[in-house]
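To keep things simple, chains are lettered A, B, C, D and E as they appear, and every chain counts its residues starting from 1.
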Amino acid sequence: MTSITLFGLCAAVLIGLGVYGLIVNPQPLRKILAFNLIGSGVFLFFGMIARRGAASGLGGDPVPQALVITGIVVAFSATALAVALLLRLDAAGGPSGLDDAVDGES
Amino acid sequence: MADLLLWAAVIVLALTAAGLLRLLRGPGAADRIMAGQLFGTGGAAVLLLLGAGGAYAAIDVALTLALLSAFVSLTFAVYAGRAGTRQALGRGEE
Amino acid sequence: MTTSGGPLLVAALLLPLAAMLAAFVLGRAQAPRVVACALPVGLLLALAILADLLCSGEALVYLLGAWQPPLGIALRADGLSAAMLLTTTVVLGVVAWFAWGDFAQPANAPEARQPLMFWVLLPAVWLALNTVFLANDLFTLYVALELLTFAAVPLVCLEGRPETLRAALRYLLFALLGSVLYLLGAVLLYGVYGTLDIAQLSTRVHPGVATWAAAVLMTVGLLAKTALFPLHLWLPPAHAGAPAAASAMLSALVVKGSFFLVIRLWLDVLPGEMMLEAGQWLAGLGAAAILVGNLVALRQRRLKLLIAYSTVAQIGYLFLMFPLAAGLVGMGLSDAPAVTGGLLQAVSHATAKAAMFMAAGLIYSTLGHDRIEDLQGVAQQLPMTVLAFALGGVALVGLPPSGGFMAKWLLLSAALTTGQWWWAAVMVIGGLMTASYVFSVVVRTIVAVDPEKMPKMAVPRYREASVLALAIFSFLLGCVALLPFEVVQVGRLGSVLP
Amino acid sequence: MSLLIDAWTVLAVFSGVFFFLAGTVGLLRFPDALTRLHALTKADNLGLGLIVFGLLPQAVDVWMALKLIVIWLLVLIAGAVVSQRVARVARAQESGQ
Amino acid sequence: MMAGLVLDGLLALLVLAVAAWTIGVCQTFAATVGFTVYGLLLAVVWMRLAAPDAALTEAAIGALTGVLLLRAAIQLAPSEAGLNRLRPALKLRLLAGTLAFAITATLAAVVFHLPEPAPTLVPQVTAQQASTGLGNAVTAVLLAFRAIDTLLEAVVLIFALVAVWSLAPDAAWGGIPGAQIKGGSGDVRAYLSRLLPPVGIVIAFYIFWVGADFPGGKFQAGTLLAAMGLLATMAGLIQPPPVASRGLRWALVLGTLVFLALGLAGMPLAGAFLAYPEGWAKPLILLIEAASMLSIGVTLGLLVIGYPAGQAEQ
């Protein structure tokens, strides 16, 4: 097994862990955290693919590497928005920020 | 030479990983933050060793890391004094 | 190669971007004016793109920076894109018209939050959608999806009530999960085929483990954003809690963005034999959405929630096109009727649903509530609004000559041609259910009451007119669609066609 | 000459590694937060410091050497702040018990 | 090369262990500390994947994310206390576990089914890179070949900030973003916040400057600037301008405007939107990057600070 495959498998497990956490953890902040885990797993997967594409002196395919950078910044803005929304909900007196127990309207 | 430095990196990483047990065990926030700090230092050391081993860009990453771990620590220092912090830090695992 | 009409595509991206930036920086009373100037120009642009398509008979392409894919990124507009561009501009135009007075900056006062945000978010939605319709690169489309999310989420909680904040948070989490799954699929495709360009992928993709995994991940991600059953739970509270003009944008347009990518994925990127297998699943979910959405809509007590649940059901119709298109291709026929039917359903629902949400908004602001059982007398007070609501409802049910009729007729005939009668049955049952709740609402409103008892909140005539105009447009869409019937087929990548 | 430099690097780097070991063992084995803090600072200051000293002769240009030193200084600063703050948190924790 | 494989194996194990702990631990605060550590580890992983640009971004953005989450965990602690004790139902956990396992297993299968030799765009990149005059291939991809993504990404940041600001209570609109923090100026931390930002700004400009030819660039530099600005703000040394300020809004869109203007200039001068005239690519790209760095720095910093909360929030 090479290092590249190893990190590929690592990414696969990270994504699984993140999905599990997103579903199971009741606290919204933990869901946001889990989303970040999924995101980093996806980026790592892309990094693995980039590394596989190494050729002619470059350690990796620069196209996916560049996309990962864009992706990381986008994921950060998503996190910032989600956290702000959560804090605002908390300040507005939402009951414990529980977001999944409000199906009662239907 | 590069190989030796890489082995040094392996050992430092393994040692910081052992320090991770403190992060797991707690028992208090103080210990968790200490483990985090150890990780920052260890991470910087690993990157330096990688960098000296030939991946020169790792030095710049270590520089960023060192600067920002100082930033994270300072942020925590600011927030640690504020209301609500005590509940968050708790007294450790129940 | 860049085609002669290519620069129009750049303009279609830059116009909303410029409008959004200008509205944000200038703020105050300037923001709505900027938007009001940009929308008519956008309409002309969309028409120009459509005209270019019809004249040249092929897709418009623009190579950004003159770099060839797969290294560079191309913008591409085929008939589907052009139709959606036009719909978006029309609906946004009417929404802006409707919202003009609602979101006015107070005179001689500091800048207020809600108006500013509304007039910044409207061009933001526009930019995001245009990027979704025009980008031809899976990663650019990911960025576009995120743009759409960031523009749509704050619309949900513009009023800042806790329950809308909670709905917005839930929507955001669903949407983020959706886009990250979509991205994962795109990553897998790059790993196998070494390109993200849709046109190149359409010639290279073949079934296999990685392709199937990518297809499923991307589809599930997009379905979460489109709110197809059973991933629809976030939609009703989010769409029903927003201000009427925002609900109209969300329900009519925003969910269509991710749906459009489902079409792109299955019709353009993935090979036909994969759709043959997956189409039944997609349509199965669609059928469940139609039945469940309509059933829950029937039980709603509040008008806005009813309309939101009807969106859940109507989204279901959109997914019936996939097995029908695959079936037609399997019989060696053109899939045009199914694809056109699906797209027409999207357009028709966009216009009808926007009109209905805005009508509900007017009713709400007149009565101060939207309880369905207390709607008596509304027709006396707001005749144009009730007429608009009814016309929109007719389009949803699918009676002639509405666009909905045309769409459902195309889908029905495709279902019967390919012998998939069960989808036809679902459509008919869904239509009957829709008819019954639209009918029950309209009947309530036309019950006359003593004029003295009616609240006398005046609604500006122009707002009623805007809603009615959109509803009439939706109602007559069936006739219009008869003319450039084949336009949506122009420039299709045709990976489905043998 | 280069052999001598390499020998210096190896010696210094592995002494640094030793202090990391000391820091980790202390963090894991010492009985209370304040003594653990004491162990941690050893790893921070001495461990990384020695590694930096060891790597300095390997620097390809003066900028790289400068960066190495700046990194060490930054970690020292962070260490100082964390120590001060953690000590306070730890004391609050202990007095609360 | 044995050492390399051992290092990578250890790294992968550590990443997974920290990630699993972050998901499983009871306290949210502890989870956020774990996440900060996780970001550090990922930066090392990116180095091992020969992606130094991504490593820099991860290190920088990871710290900002860490701060964002740490602060939120502290602020939400009182209201989340009840949720921490909530154990999800076994059925839900089983369902989630099955789903997670299916996803992981599929992806693992894909890892072994990826084609050999791997498809790569390296030949195309190296063939075209010379015409941009840039030494760093990643920067060439970001600012020349796929410039539209980078432009749209800057727009994403603006959208996100608009979205965050839109959450402000009506009464607080127009005010200064974030909750005000009283800085104890005699404190050791205030002293350090004076010391650190100048160093940080120098480093940021260094990272920006080398970005054309070596790993680095505007995102990483902008993130460092944001971090330094945040430090100074938290110590009470500077105050973010009010959201109603026109100057602030111009600063936020400056990078995008410069990008757009030069992109449009490419239409008559170089024959396409976002194309650079022959021989001018590098200076123009540096100009775009410089403007973007400032806008990105301000935007990222304000994203962490949050919406104007007025007096209400403590």
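By definition in this document, contacts are C-beta pairs under 8 Å (C-beta built on N, C-alpha and C of every residue); 3 or more make two chains touch, one makes a residue touch a chain.
The shown structure was predicted, so the numbers you read here are calculated from the model rather than taken from an experiment.
Visitor: Which chains are in contact with both chain D and chain E?
Guide: Shared contacts of chain D and chain E: B.
Visitor: In the touch network of chains, how many steps separate chain B from chain C on the shortest route?
Guide: Minimal hop count between chain B and chain C: 2.
Visitor: Taking CA centroids for every chain, report which one is farthest away from chain B.
Guide: C
Visitor: Where centres are the averaged C-alpha coordinates, which chain has the largest centre distance to chain A?
Guide: D
Visitor: Counting C-beta pairs in contact, which two chains come out on top?
Guide: After counting contacts between each pair of chains, the winner is A-E.
Visitor: Would you mind pulling out the distance in Å between where the CA atoms of chain C average out and where those of chain E do?
Guide: Chain centres of chain C and chain E, defined by C-alpha means, are spaced 31 Å apart.
Visitor: So what's the Cα centroid distance for chain B and chain E, whole Å?
Guide: 19
Visitor: Starting from the mean Cα coordinates of chain A and chain C, work out the distance between those two points in Å.
Guide: 27
Visitor: Among the residues of chain A, pick out those that touch two or more other chains and give their numbers.
Guide: As it turns out, chain A has residues touching two or more other chains at 15, 32, 45, 49, 52-53, 63, 67, 70, 74, 77-78, 81, 85-86, 88, 97.
Visitor: Using the touch definition from the top, which residues of chain B touch two or more other chains?
Guide: 29, 33, 35, 40, 60, 63, 67, 69-70, 74, 76-77, 89
Visitor: Out of chain C, which residues touch more than one other chain, so two or more?
Guide: In chain C, the residues touching two or more other chains are 71, 139, 143, 146, 150, 153, 157, 160, 165, 188, 190-191, 194.
Visitor: Let me know each pair of chains that touch one another.
Guide: A-C, A-E, B-D, B-E, C-E, D-E
Visitor: Under the definition above, what is the set of chain B residues touching chain E in their complex?
Guide: Residues 3, 6-7, 9-10, 13-14, 17, 20, 23-24, 26, 29, 32-33, 35-36, 39-40, 43, 46-47, 50, 55, 57-58, 60-61, 63-65, 67-72, 74-79, 82-85, 87-90, 93-94.
Visitor: If you look only at chain E, which of its residues touch chain A in the complex?
Guide: Going by the criterion above, the answer is residues 4-5, 8-9, 12, 15-16, 19-20, 22-23, 28, 31-32, 35, 38, 42, 45-46, 48-51, 53-54, 57-58, 61, 64-65, 68-69, 72-73, 75-76, 79-80, 82-84, 86, 88, 92-93, 95-97, 99-101, 103-104, 107-108, 111-112, 114, 118-123, 125-126, 137-138, 140-142, 145-146, 149-150, 153, 156-157, 159-161, 163-164, 167, 169, 219, 300, 303-304, 306-307, 309, 312-313.
Visitor: Quick one: which bits of chain D touch chain E in the complex? Just the residue numbers, please.
Guide: The contact residues of chain D facing chain E are 70, 74, 77, 80-81, 84-85.
Visitor: Considering only the defined contacts, which chain A positions touch chain E in the complex?
Guide: 2-21, 23-27, 29-30, 32-34, 36-37, 40, 43-45, 47-63, 65-70, 72-74, 76-81, 83-88, 90-91, 96-98
Visitor: Okay, in this complex, where on chain E does chain C touch?
Guide: Chain E residues touching chain C: 106-107, 109-110, 113-115, 118-121, 124-125, 128, 141, 144-149, 152-153, 155-156, 158-160, 162-163, 165-170, 173-174, 244, 246, 249-250, 252-253, 256-257, 260, 264, 266-267, 270-276.
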